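Quick one: the structure is below, questions incoming.
The letters A, B, C and D name the chains in turn, as written, and every chain counts its residues from 1.
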Amino acid sequence: MSIKVGIIGATGYAGVELVRLLLGHPQAELAAVGSVSFEGKPISEVYPSLAGIFEAVLTSDEQVLEKSEVIFASLPHGLSEKYAASCAAQGKVFIDLGADFRLWAEEDYKQWYGLEYDDLALHQSAVYALPELYREQIKGKKILGNPGCYPTSIGLGLYPALKNELIDTNSIIIDSKSGVTGAGRGLSQTTHYPDCNEAFSPYKVAEHRHTPEIEQTLSDIAGEPVTVTFVPHLLPVNRGIVSTIYGALKKEVTLDEVHAVYTSTYAKEQFVRVCPIGGAANLKNVRMSNYCDVSLHLDERTRRLIVVSAIDNMGKGAAGQAIQNMNIVCGLPENTGLNSVPPCF
Amino acid sequence: MSIKVGIIGATGYAGVELVRLLLGHPQAELAAVGSVSFEGKPISEVYPSLAGIFEAVLTSDEQVLEKSEVIFASLPHGLSEKYAASCAAQGKVFIDLGADFRLWAEEDYKQWYGLEYDDLALHQSAVYALPELYREQIKGKKILGNPGCYPTSIGLGLYPALKNELIDTNSIIIDSKSGVTGAGRGLSQTTHYPDCNEAFSPYKVAEHRHTPEIEQTLSDIAGEPVTVTFVPHLLPVNRGIVSTIYGALKKEVTLDEVHAVYTSTYAKEQFVRVCPIGGAANLKNVRMSNYCDVSLHLDERTRRLIVVSAIDNMGKGAAGQAIQNMNIVCGLPENTGLNSVPPCF
Amino acid sequence: MSIKVGIIGATGYAGVELVRLLLGHPQAELAAVGSVSFEGKPISEVYPSLAGIFEAVLTSDEQVLEKSEVIFASLPHGLSEKYAASCAAQGKVFIDLGADFRLWAEEDYKQWYGLEYDDLALHQSAVYALPELYREQIKGKKILGNPGCYPTSIGLGLYPALKNELIDTNSIIIDSKSGVTGAGRGLSQTTHYPDCNEAFSPYKVAEHRHTPEIEQTLSDIAGEPVTVTFVPHLLPVNRGIVSTIYGALKKEVTLDEVHAVYTSTYAKEQFVRVCPIGGAANLKNVRMSNYCDVSLHLDERTRRLIVVSAIDNMGKGAAGQAIQNMNIVCGLPENTGLNSVPPCF
Amino acid sequence: MSIKVGIIGATGYAGVELVRLLLGHPQAELAAVGSVSFEGKPISEVYPSLAGIFEAVLTSDEQVLEKSEVIFASLPHGLSEKYAASCAAQGKVFIDLGADFRLWAEEDYKQWYGLEYDDLALHQSAVYALPELYREQIKGKKILGNPGCYPTSIGLGLYPALKNELIDTNSIIIDSKSGVTGAGRGLSQTTHYPDCNEAFSPYKVAEHRHTPEIEQTLSDIAGEPVTVTFVPHLLPVNRGIVSTIYGALKKEVTLDEVHAVYTSTYAKEQFVRVCPIGGAANLKNVRMSNYCDVSLHLDERTRRLIVVSAIDNMGKGAAGQAIQNMNIVCGLPENTGLNSVPPCF
C-alpha cells in the first residue's frame, strides 16, 4: 500500500521536517509539496540538505490538494478552513499542523486568535489529535487538528497526574523553554543569531496562544475547568522543548507511587518514556525523534510535584506527531516511519 | 588610596573574573593571586587572555593572606573558616565567595552541606553581604559571605514584592536557568561541550544547596518563614542566570502598581534595573556587568505575579558583587570599578 | 539475512553512532556492545537517548568478538592488532575505526604514532577502506582500516582534481574545521563548554596525525608523492567537518570544466554530492548523514582551485562509512541502512 | 579635556559598540548618536543593555555632524563622502568605519564596489588608518578610513613577515572565519539562528570586497604588488575573527627566528600580542578587546609559514580601532579608553 501524501507549506520548518520524515516512511509517497513563496523552484534549492534525495518542484496549494489523499498543512492561522472543507468534500484526510482545528470552543479561538469559525460543523467533525489521549477518537476522522508543540509536552507531562487526581488543578504552573525553530523560518530580530545566541528570556509571558489549548486538554483530563500559568522562554538551541511543570500534590503519595502511576499509564505507549527516578528529562535525548521523555520529581518540603517533559518541537511537537496521526487514520502501525533512533549528540 | 587585594582560588572562574574586574579598579592593587593547582605558574599561562596585561605568578594561599589587606576567597565549602579566622585576627577583610559564611543557622549548613561550624562566634561576626538588602550591616564588617548566584537573582527579584506583602509566601516557585560557567572550571561529563550544547535539562531538582540561602533571605524580608520550590536548569550559554519566579498575589493590585513598588524600591540602586512594563529581562543585557534586570508580569487569569530576574552569574552573581562589597567595607563609592557598560552582543 | 554485528568501544562517540545506525540497518543484528569503562551496565544508562530502544548490557571485548560475525572497533591506537588477528583467524570481518590499519607504510605509523606493526602480514592483508576510491579492493577483505574523518573529507574533495591532474601536487594547503565530537567523549579542558563555546582556534598545526593518511591517499591518486600543509581547527558545533582546500591549477580550465570533471567522476556515487556552481558546501546539510558535499570555486586572480568539502565527522567520517564498508564486504547494497535524510536544522 | 564625539549609524553593531566603548572613554563626551531607522527613540529602547546607562535620543545625521568635533560613521558604502566633505570643510575629524576611504586606487573602488569617487582630492587627503602600520601618517589627518575587520587581522598578521621578506608574496592564502556580528544587525536567512547555529560554510569565496584592501596593505608592506587568495567563512559565534594565513618561506629561517622577528616588530605595540611558540591564537582571548593575538607555526615538511591572527571583529576590527585612531588624531595616549581586560569566558 502506498498513500499519496502532500504538504501545504512545505518550506516552513514543520513542512520540511514532514518531508524528511515522509521520505523515510515505507507506506507514503510524497505526491506534491506546496509553497507560496517558492512555487516553481525545486525544494532542494531552498534546503540543499535535500539535494540528490528529493528535488521535487514546489507547486501551488491547489495542486497539493489535487494530487494527494492525505494532506498536511502548515499555515498561519485562519487559512486552513477552506482546505479542510475541500478535503472533507472529497473524502481526503486533512491534518492541520496550525491552530485552526485545535480549539473546541469557538470563543477561545475568537479570544486568542481574533477570528471566528466560518463553518462550525466542519470544526465539530474534526478531532484534536493527541494520540496518547485521543487515539480512539482519531480513528476514522478526516480532519485532524495536530496539537501545538507546547501543549503536546504539557498534555503528556500532566496526563497521568491529572487522570489520577494527584495534583490540585488550581496550582499548575508551567515554565517552558523552546528551541529557536519554534519561531519558524521567518526572519525576526529575536531570532537573528547575535540576538538569541548567548541570550535567554521569556516571551509572551502569560499570554501565549497555546494557553487555551493547554487548558482544554488539562480540563478534559481532569473533568473540571483548569486554568494554568504558562510562561514560554526562547532557548538558544535549534530544536527541542522542555516544560518544567509544578503542581501541588493533593494526596499523600510518594515519588515511587507517582512514578508507578506514570509508568503504568504509559506502559503501552512507545513514544512516551518515563525516566527512572533520579533522572531528568533532557531535550538532547529526544532530538530528531517522536519521543516525549518525562521525569518526575517531588519537592518534599513544599509537597509539590515537578514534572519535566522534553520533546523535539519539530518531531513529537509537530511533524512526527502528524505522521503518527496519519498512521492512525490510515490504519497503519502507529510507529510506521517513526522509528529512527535519536542521535546521542 | 590603593588597597592591596588578594585572591585565594584565582584560577577558578569566579577568581579570574575578580582578577579581570580588579585590574580595572582604580583603588585596588592586585597584590597576590593564589592557586593550589597552578602555584608557580603565571596566571596568563592558564588564561592567555591575560597575556601582556597581568602575568603575576600564582602563589600559595598563605602568601595571598600575607600580602593583602582585602582577601577574596573562592573555595569549595568547608575550607574558608581558617582563612577567615586568620584575617579576623589580623584585622583584614575576608570576602568569601563560597558558601561557608552565607547561612546564619548552623543547622542549615549541617543539613545542606554536611558540615558543622568550627567557630560559631566567627560566623556570628560575619555578614550576609547582599548590598541592596544589607548595606548598613555590611559596613564595618571584616568577614563577608558573598551571596550565591541564584540567591542573588532571586533575593533581588522578590525583595519589593515580599517587603510590600504583595504575594503569598507559601506560593513561591522559582524556575532558574544558569549558564555553564556556574558549574565551574572543573571538568565533568555534563559540561563537556557535546553533552551540553544543543541540550537543556534541570538538575538537582528541589535539592540544590542554594535553597536554604534563598529561603533565609526571603524569610528575612517577609518576617516569617518562607519555604520555596527551587529548580535550577543548565543553560547552553557561557554566562548568565535567568530566574522566573511565580507567586500568588494576595492583594488587589494592578501591574502598574506592582511596577511602581519595584521602581520606587530600587530608585536609588544603580545595579538593579526594573524593565519597563512589556519588557522582559534577558541575560544578554547584563552579561559582563554588575546589573540585575528585573521584569514584572501579571497573569490576570490566575492572579499570579511573575518576576523575571537576570544577572551575570559571574558578575552580580559572584565577582562583581564581591567588589561592590569591598567598596562598601572600604568606604569607596559602591560602583567603583564596576561601571563597564555591558556589551550589546 | 541477518548479520551478527558487534562493537568494541561502543560508548565512545563513534561507537554509539554505530549503535544508532545499526539499529536502523535492516540486515544487521546488534549481537554485542562492548565497553571497558561501563561493562555490566546497560548502554541506555550511559546514553539515555537509547532508553526503551536499545538497552543491551555492555560486555567485555572478548564477548563482542565471540558473538559477532562483523566486529567494529573504535579504540585508541595500538590496541586493534590483536583483535584483528583474532578475527582473521576465525574468518570474521574486522572494521577498525581507529588508526592502526590505515597506513600502508610502517615507517609512517612509527613516525606519527610512535609504534611498530607487530604483524606486518596482517597489515598487508588489510585494506584502506575509502569506498569511493577503493571499492574493488575492499570486496572480500576481512580487515578494514576505516578512514579518519579529516582524510575522508579531503580524499573525496581532491580525488577528481588529482586524478585529472588539474592541480599542482606541491601546492596543496588544507584548512579544516571540525566539530567538538571529533575530540571524543573523554573530558579535556579544550572541550569544556565555557572553553570552546564562543571560541575558535587551530590545534596541532601542521602536525596532526591524520597528515600521513591524507598524503597516502593523495599520493596514490596522483601517482606521485604528495606533501600537504594540513591545519585543523576546533569548531564550536557538535558535529561536522568542513575542509577548505587550496591548490594551484596547472591547466587552463574553467570552473565549468572543473565542475564537469567532478560531476562525472561522482556521477554514480550516491554519497558524494557536488554542489551546483555558486553554492558552497555547508556542514549543516550533511549532519546525521553519510553524505559528503563538495563545492568548487576558482580564484581567477591567482588561478587557484578552492574545493570545499563537508561531511558529518561521525557519519561519513566514521560510523556511516564503516557501515558502508560492511555493506560492501557483506555483499549488500552499499547504502543499506544509510538512507536517512539529513535534517534541515 | 573633553572631546565632543558623535556617531552616524549608532544602532548598527559597530555603532553601538562605539557607544559602549566611548561611554568608558575618559576624554570623550558622547554628544550625539544618529540613526535613520530609529530617529526619535532612545537608543536604550533598541539596546536595553544600555538602560539606565545611556538613554540618549537618536537624532538625524545632520545633528550628529553639527554637535560633534569627532564624527564616527558606520554606513553602507557610497554614503560617506558627503559627510566627510562637510567635516573637512569645518575642520572636524571624520572617522569612517565603512569602505569609502579605505582604497587608495579609485579603480579598485570601482571594480569591487561599483562606484566612483566624486571628489578625488578628498580621498587623497584621507588616510588608511591602521595604527600599527601608519601611525605617523594618521597624525594630523581629518579624514580617516578605518580598516575592515578581515584586513586588520591579516595586515597585522603578515606585517613582520612581509616587511622582513620572509615569505614569497605570490604564495599567500588566507582562510578567515568571522563571527556572525560581522554580517551586521540586518536580518538575512544566513544569519537566522537555526540556519547558522550548528552550521559552517565559506561565503563570497575569492570574491569578498575586503580583498583589494588586504592586497593594498600587503603590497605596500612588501613594496611590490601582492595578490592573495582570500576565503571568508561564517563562524557560529557572536564575535571574533580568526585568519589562518599560509605563505611559502623564501629564507632559511627557524620558527625561533620568525618568532623573534615578530616579537621585536611588535615590541612596542600594546595591542598586538605575539603568542609564545607552541601557543595558538584563539578568538576567545581577544573578545571585547582591542587586542590582536598572533601565533606562528612552521610546517617544516613544506616550508610554509602559518600565521594565525585573532581579533574581535567589533573591537580591533571596528570600534576599538576607530577609538585608537581618534586618540592618535586627538593627541591622546593611544590606549585611552581601550584598557578593559578581555573576559576569560
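FYI, contacts are C-beta pairs under 8 Å (C-beta built on N, C-alpha and C of every residue); 3 or more make two chains touch, one makes a residue touch a chain.
A quick note: this is a predicted structure, and the numbers were derived from the prediction, not measured.
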Rotating subunit A so its CA atoms sit on subunit D gives an angle in degrees, to the nearest 5, of 180
Out of B-D and B-C, which chain pair has the most contact pairs? B-D
If every chain is reduced to the average of its C-alpha atoms, which one ends up farthest from subunit B? C
As a quick test, compute the distance in whole Å between the mean CA positions of subunit B and subunit C. 46
Measuring centre to centre with CA averages, how many angstrom lie between subunit A and subunit B? 39
Please work out the Cα centroid separation of subunit B and subunit D, and write it as a whole number of Å. 36
Would you please write down the residue numbers of subunit A that are in contact with two or more other chains? 13, 181, 194, 197-198, 236-239, 282, 284, 345
Connecting every touching chain pair, does the picture come out as line, ring, star, complete or other? complete
Which subunit B residues qualify as touching subunit A in the complex? 173, 175, 177, 194-195, 197-203, 205-206, 227-229, 231, 233, 235-240, 242, 244, 246, 280-284, 287, 297-302, 304, 306, 308, 310, 345
What does subunit C use to touch subunit B in their complex? 13, 179-181, 185, 187-189, 191-194, 196-198, 236-238
In the complex, subunit D touches subunit B at residues 13, 16-17, 19-20, 23-24, 47-54, 181, 198, 238-239, 270, 273, 275, 279, 282, 284-286, 288-289, 291, 293, 314, 339-345
